[in-house]
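All chains are identified by letter, namely A, B, C, D and E, in their written order; residue positions are counted from 1 within each chain.
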Amino acid sequence: MTRTLRTLCTSVAAIGLLTIGAVAQAQDKTIKIGALFPMSGPGSYFGTQDKQGVELALEQINQTGVNGYKFAVHYEDSACSPLPATQAAKRLIEQFKPDVIIGEECSDATLAVMPIVEQAKVPLLNAGSSSIKITQPGNPWTFRIMPNEVMQGINLAENAYRRMNARRAVLLFENTNAGIGNAQVFKENFTRLGGKVLAEIGFGRDVNDFTAIATRVAGLGEVDVIPTYTLEGQGLKITQALAQAGVTKGGGGNAIQIGTIWLPFGFEQKAGKAALGYIRIVQFDPTDARPVARNFVSAFKAKYNTEPTHLNAHAYDQIMLIADVVKRGGKDPETIREGLAATKNYSGVTGSVEFDKNNQNVKMDTIHYMETKPDMSWVSLKWN
Amino acid sequence: MSETVFAQQWLGKATSSRARFLGYLTAVAVIVTLPLVFNDTYWRTNLTVCAINVLLAIGLDFILGYAGQLNLGHSAFYGLGAYVSTLLIVKLAVPFWLAFVAGVAFAGLAGTFLSLFAVRLRGHYLAIASLGFAVIVHQILLNWISLTQGPLGIYGIAPPPALVVDGTVIADFRNLTAFFYLVAGFALLSFLLLSQLVRSPVGETLTAIREDEVSAASLGINAAAWKVFAFGVGSAIAGAAGCFYASFVGTLVPDAFFITEAFNILAMVIVGGMGTLIGPVFGAVLLTILPEVLRGLGDLRLVVYGAALTFVVLFIPGGMAQAANAVGERLWRRRSA
Amino acid sequence: MTTTIVLQQAINGIVLGSLYVLVALGLTLIYGVLVQINFAHADFVTLGAFAAYFFMHLVGLGYIPSIAVALIVGAAMGWLINASIFTPLRRKNNELLPLIATIGVSVMMQNLMLAWFGPIPYAFETEFSRHVIRFAGIFVSWQNVIIIVVSALTIALLYVFMKFTFLGKALRAVSQDRETAGLMGINPNFLIMLTFVIASALAGMGGAMLAPVLVLTPFAGTSVIVKAFAIVIIGGFGNVEGTILAGLIVGLIESYTTQFLNPGLIDIVVFALLLLMLAIRPTGLISERREENV
Amino acid sequence: MSATADGAAGEPLLRTQELQKNFGGVKAVSEISFDVPMGAIFAVIGPNGAGKSTLINLISGVYRPDAGSLSFDGVDLSTMPAHLRVRFGIARTFQKIRLFRQLTALDNVIAGFHVHHKIPAWQYLVHGAAFTADRRRCRDQAMQLLEFVGMSGRAHVPAGSLSYGEQRMLELARALATKPRLLLIDEPAAGLNAAEVDGLLDRIRSLRHGGTTVILVEHNMDLVMNVADRIMVMEYGRRLFEGTPAEVQKNPAVIAAYLGGELL
Amino acid sequence: MSALLEIAGLELAYGQVAVCRNISLRLDRGEIVALIGANGAGKSTTLRAIAGLLSPRRGTIAFGGRDVTALPSYERSKLGIALVPEGRRVFPFLTVRENLELGGFNSRKDPSTLKRRMERVFAMFPRLSERSSQNAGTLSGGEQQMLALGRAMMSEPQLLCLDEPSLGLAPIIVHDIFQTIRAINAAGTSILLVEQNARHAFETAQRGYVLQTGSVIASGSCATLKRDPRVQEAYLGRTATRR
């Protein structure tokens, strides 16, 4: 029985190795990119969109290749959770032997994967996790092109206090690593400046009806800003509920929702009138006039027949940055790591990239502020 | 139910003590050779995950298959073991093995507590009560941020300290193989002890309770006490699995112990064949490896997993133990014919 | 001010509660007749929500007809799962096997829906979502009015069906004593099937009603089902009146916990109540108890 | 032959006083008082539904009395849980057979030794010499008990597959494994054929010779009249009459109520 | 008279445990036939098989000349077999009226017939009429027995099977019940009666079958059976004569 099982496992493993090996050896000079995306469960919200961006980028760079290199991507489902992410990362490293890895979205998963890539000496390029721990202390093999929670939080708090003259805030956040982390940074900085946080309302991802929360916010009296940290789905419900309760501008109130880069472009259209006045940081602005952004938007629309989101854009940028590193001489994990670290003023769809000593992108042009107008269009606030 | 009976008879009774000894010898041999056969870190990781899941499955089987208590909240004890040991190590710098003992004890006590509370409940009421307990534990881990870090998680949890005798390192648990030997060895030991226990009068007592509590009471069996005992033992084993999980993955977030995890463990027990100890071992291995093997199927992997689970329940309700039994019986018949 | 808030939260709680009732009623009916738990019930809710969404968007007949469509889709799924899982397993007379099988079905359905519908939340807007009635500081959206009205109507219809029709009485008879019901000329298998169809139709319809409230993804039903289990237990397994009462109570707990404590604590409060119930009245709010015959 | 005379002199083994048990307003047992002397065979008869089985359930501890008291060998049983009563020496069989259907006949009997294992707890985990000896002892004694009820040939058959008569005998053997001082037997002859009833009768007699006190609930008059020292007749939960077999057979009220008047 | 019910060579078992080995019996239209025997002899099991609650291992059951062995209980009910099961088995959380209505489930599409039948049952048992809106579980034992009987009569069966209608009831009520049974029979319903109370059984039935450990050991008119020593033996055990 046991022997049969072992044989079975071995043969299954062998088949797995063969298939992956076949893909890997199809081309001689290939940069192998491993992608750790959540593709099952609720986290597949990220994975599906990430994959679109990656596919578009691959299509573009593989037309000509870079320095004679083609690019191959192998996806593993890391499920937005530490253990599955660890398993996926190890499988990726063992069997696909990537030159560089991109992903995860969820901070827990990214943090769990970091020691593994460090041990395997494969660079990890992250664009979706905001936890400060990823780059502080971080490790030499992990890079992040997205502004972390502290960068966003400080910036948001200062702008809320100084430019919006907000003094009273209510924090709404999902009870996740990212939700709590972002809310805490905002709170610290906002109160440091002299603002007051009237309530911190955290909720699980399984909360559906936000009328009760909106009612509670409405009962708190005058509120100036409502920093909101949720994903698209719950975000829509919150915005509508706050408007219904007459709290926010969209519902005839005075409060303004503000937030970080979590929400996709098109959120306002989905939310409708309720989103009026919403001010948020976006990393990807589809109205961006730079050619790189223009090309991306049109290519994306052509391929998928839909507007790209920031997730699409981030994934696209990750691949394109790797291509840029390869162009600058990267050809294996070590040289790609060095290349990434040496990146100066790389201009991507979501802004420019330059890493500090902790491998955190420090370019502040990745933080744009947008305000939602009555016709649901965006206006850029140029607050940086 | 009758399918499980046959499985129990064939697997439980037909084995002489010599055959059992050979079985354990084989098990040791298999455990020793497995990491040598699978010599990449990915498969070695899976092996360790298998061993952790084996612990969870045999613990649940002891509660469910032997004492007949429908426990849908096994993930709670798993999580408590993980968090208690880790918090002791991280916050109070308690040595690993002491924290391990504390984690196991705490999980066991939690199981005892739940069982004491739920001892009057039967069948689906117990099922939902334990499910409710698991929801509450998960939510506490999630919301008591000042203690558990909640969803922020605990990172960089160290593996158990290396085993050093006279200044020589015998086993360094940063090494995957050593870690696998540790967990698999512990699982084997737990299996051995449980198997001794169920082959002692305790086994008959628990079976008697599972079959008919009134009748058991008429023989002087204190059903409530034994059910609490079984629950305590099963949840303590889950606590041990939790301690290993934390030090193995190095990262601890409450969502790892969401109630779906309890369903997974339950599925391992059922697919393996509940009421036999060996069945859930194979059930755990199969259901740990299956999703990994199915990775090639991409998006459809969990569809196939769900279908496989349904299929097993519909067509092999006694699980792998029943299937093995059927095959064994056929072979035996052929030989004797 | 405070009274307004308390009142407003009561309304919020009742809206949510009536949705929970729709989902939990199905579980209770199935439990009453079959003494079985259907874990895939949650996914019928999700499927109903998607059915309503696609009917609205592809056929364009508006929200109300889409509720009916969701109901039919739910009913069909109920029939299917009864025929494929519960009927074959009934002979095995085991309380665990169908439960595990439905976990398998649930995993399968969720991931099939994920493959078809994708993970990105659908914005389910109805013609009633954005119209809000305001009165003396209280606000209710038309959508919520519809939820309350349709839920109340459904519950009333179900009550009439159970209380005044032959089939409904037969159904209650089957849940109390399947064998004796057979002696009356009632085909228990037909009624078990009917129970499943009704329960799942309620789930499907619940889905259509929940869709504008839920974050509509293939995993939407899961967020409701755990609470539905709690409601079924608090109300007393198989007890329809108890389930309705418990559903409303849980809805109110949710809104008042949000108001006065923290939404993160909702599940703790609900399940603490559940455990408390089990400790003091293991048979639920409205008790039906029989002595064991030795 | 009759042990009544000797037993009556000393303290009774079981004494019940004004026992009462209601089920939803129905008095299943009401104001029942009787003494069972040491070494006696005490039969309870009465029509179906008279409350006999409820009485057995009260004595064995499945039910708690709503009023009244019962004491065993001077110990008050009223609030003692069923499993503890076994340790004091009360065992029983069930009217509706309740065996562990999935266990073999032998294992059913071995389960009956629950209160008689005397091995250090650690030996449950590490099976040492004491454990092996205990196992062997239980096995041997269980086989003896199976032999006593005439089932030594069926030791390895799952209880659920035994015939009706065999199941009744197995329940008896299992109850005897607890080494009772007082054995409660609930309708042991139901479903048995004449030969089996004869065998049962012999076994009950030899139990008494072994010093076991027996309370027997039975319809089979042949059995009852032949083994019982005293008979209590119940009807509607109450005691109708108590006396020796001869007195019972002569009592017109008993004949009218139970035996159906003109038939005998 | 023609045979309404004819059973041949019935073998019945619960799981692997055989309860009835070889039961053959016959009941003519208009008759009351009693099945007697000690507890555990297989009387109730035989009734359950006739009503279709237990499928036989072997043997046939014919009703009104038609083989019904393979029919489920609800189909047999439609043919005119009704069983008042042991322990009454009323639906405890349905009202008395609802219980009765369900008894007439087969005629549910004919409200006027149901109404007529219900009035007849209420006339038979006025107590039920007084308690018609009460839950059946709250009735006393005697009232539940009346309800069970009335419920069975709601289908106006050709054959009424009664399983120990006197169980646990006070003498006065037992008397009433048996009077009603005789009245029902006089109105044309054939009755198969399992009864432990020998006097009532023999007073009520015309013929009887005596069962012992799952086999018929004697049969004949009640008058002859009463005097048959085998009957006393099977029913009550060999009486004290042997002492």
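Quick note on the criterion: contacts are C-beta pairs under 8 Å (C-beta built on N, C-alpha and C of every residue); 3 or more make two chains touch, one makes a residue touch a chain.
The shown structure was predicted, so the numbers you read here are calculated from the model rather than taken from an experiment.
Counting only chains that touch, the fewest steps needed to get from chain A to chain E is 2. In terms of the distance between Cα centroids, chain D is separated most widely from A.
Each chain gets one centre point, the mean of its Cα atoms, and the points for chain B and chain C are 33 Å apart.
Between chain B and chain D, the centres computed from C-alpha atoms are 42 Å apart. With each centre defined as the average position of its C-alpha atoms, the distance from chain A to chain C rounds to 36 Å.
With touch defined as above, residues shared between interfaces to two or more other chains in chain A number as follows: 40, 175, 204.
Shared contact sites, meaning residues of chain C that touch two or more other chains, fall at 111, 114, 226, 262, 264, 267, 294. Within chain D, the positions touching two or more other chains are listed as 24, 62, 94, 98.
Considering their complex, residues 24-26, 47-50, 160-165, 167, 187, 189-194, 197, 219-226, 236, 245, 249, 259-264 of chain D touch chain E. Chain B makes touch with chain C in their complex at residues 1, 70, 117-118, 120-121, 123-125, 127-129, 131-133, 135-136, 139-140, 142-143, 214, 259, 263, 266-267, 270, 274, 299-303, 305-311, 313-314, 317.
Here chain E touches chain C in the complex through residues 51-53, 72-74, 77-78, 82-83, 85, 89, 91-94, 98, 101-103, 105-106, 108, 151, 155, going by the rule given at the top.
For chain A in complex with chain B, the residues that touch the partner chain are 1-2, 5-6, 9-10, 12-13, 16, 19, 39-40, 75-77, 81-83, 86-87, 90-91, 93-95, 107-108, 111-112, 115, 131, 133, 175-177, 179-181, 204. Partner chain B is touched in their complex by these residues of chain C: 31, 35, 37, 39, 85, 88-89, 92-101, 103-112, 114-115, 226, 229-230, 232-233, 237, 262, 264-265, 267-268, 271-272, 274-275, 278-279, 282, 292, 294.
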